[in-house]
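Below is one structure, written out as structure tokens; the observations come after it.
Note that the chains are named A, B, C and D in the order they appear, and that numbering of residues resets to 1 at the start of each chain.
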Amino acid sequence: MSDDLGGRLRWYVPDAYLPSESSHGVPSHESACLLNTGARNARVRFTFFFEDREPLGPVELVLEARRTRHVRLDDPDALGGVELPRGVPYAYTVDSDVPVVLQHSRLDTSAGAYTLFTTIGYGE
Amino acid sequence: MSDDLGGRLRWYVPDAYLPSESSHGVPSHESACLLNTGARNARVRFTFFFEDREPLGPVELVLEARRTRHVRLDDPDALGGVELPRGVPYAYTVDSDVPVVLQHSRLDTSAGAYTLFTTIGYGE
Amino acid sequence: MSDDLGGRLRWYVPDAYLPSESSHGVPSHESACLLNTGARNARVRFTFFFEDREPLGPVELVLEARRTRHVRLDDPDALGGVELPRGVPYAYTVDSDVPVVLQHSRLDTSAGAYTLFTTIGYGE
Amino acid sequence: MSDDLGGRLRWYVPDAYLPSESSHGVPSHESACLLNTGARNARVRFTFFFEDREPLGPVELVLEARRTRHVRLDDPDALGGVELPRGVPYAYTVDSDVPVVLQHSRLDTSAGAYTLFTTIGYGE
């Protein structure tokens, strides 16, 4: 693959939600999966949106060159100490200083079996 | 994040369906998840399409600036009193007067376990 | 909503598959969900691609103006008599003479619970 | 359908993961589903990205003209002998010398029921 940068500078995910319940010892969770195929580290900033309160953030992370990072959104350590509420609809954007690609996924274990969903975000 | 408006003015979701059955005390449902990252409130209008009858709508809602809204499509109170039929294939569009982003999701609990699906809509 | 036509003239779905097994009396199946928001009927043509044989089609259907149609891909009656094989990886394209939108979904009931997936197709 | 080439030359999938566990005798797996609707064979190259090590690849495959190929990412024979690790977050890109379309899917059987997810990749 060439070293061309690929991707977009801003990504949107309208349907984010951390289920309150879990089973099987596996917590229900979401991941913001980022890919930086370029030769420069990416400085990415998450902003979290809610239905009834002001946005939260930005939370800034580094995504190294030629690396992926699957950011667990239920893990405050992965988000600079920010703890997102469970059982509350939210949404988020990711801004980056170099082009990256974002895919959003959820694992819901609340009903005693796993269910997954995923989508590439909306990029601009 | 800058205050730039991001998104599109019209969104399309061809596969919508409210399952007739539910379990676990959790109704099978769909959500139209909208994100408005801009500084102005969005006036959004839903139009619902069917296989064998005229479209329904528009149903107009307000999506506040810098907010998300996860609109439950099985809830007449969330749709200005419109009750969508269960067990009937439908589709919908969302028009907005400012750019927004739409993601469509379904939770089907009919078979005694949860299954989810999601996709960013098709935006223009 | 205005009467503007919205959508694309060609859509691609690389991951199609009709599972061999079913349960709950609900057959595992896929649907090609089409939406025509315009004022003219759409003439749509499906072409099916395989791993090891020549493409099948085109299969031509009509999608009426301002209607959705959720085409069951396991139903020969919905496809002009064409019966797609179960348990065989395939893919398909949809060409239309007016802009439409395509979303592809699968319901797999083979393991005794439902699992769904969906994605907006790739449109050009 | 005309013989026009359709698709993109580079595709990105940020959320790839081969679960460690399986059940029902059906291994948890992922497929990179490619579609080449054109009249020329495609030479496609996979590159795999990780969180904490250098990218792997390229792995080169041929996708014949007017064919689909659902590449099992857990099968070294499908990837020129490359064995991707289970239980490790990864991502991948696909480059092609003619336009193709990529859809990524996962089947997770680890919890005793199936769950699927899918998305069209991000294409450029």
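Keep in mind that, in the parts below, contacts are C-beta pairs under 8 Å (C-beta built on N, C-alpha and C of every residue); 3 or more make two chains touch, one makes a residue touch a chain.
As the structure is a prediction and not an experimental result, all values here were calculated from the model.
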item: Interface residue identity across copies subunit B, subunit C - same or different by half; value: different
item: Chain pair with the higher count of C-beta pairs in contact (A-B, A-C); value: A-B
item: Equivalent of C-D within the choices A-D, B-D or A-C, defined by over half of its residue contact pairs recurring; value: A-D
item: Centre distance in Å when subunit A and subunit C are each reduced to the mean of their C-alpha atoms; value: 30
item: Between subunit B and subunit A, distance of the C-alpha-averaged centres to the nearest whole Å; value: 21
item: Touching two or more other chains - residues of subunit A; value: 113, 115-120
item: Parts of subunit D lying in touch with subunit B, wherever the complex brings them together; value: 113, 115, 117, 119
item: Residue ranges of subunit B touching subunit C (in the complex, touch as defined); value: 10, 12-15, 17, 45, 47, 49-52, 54-55, 57-58, 89-91, 93, 95, 106, 108, 110-113, 115-122, 124
item: Complex contacts: residues of subunit C adjacent to subunit B; value: 1, 6-7, 24, 26, 31, 33-35, 37, 66-70, 101-105, 109, 113-120, 123
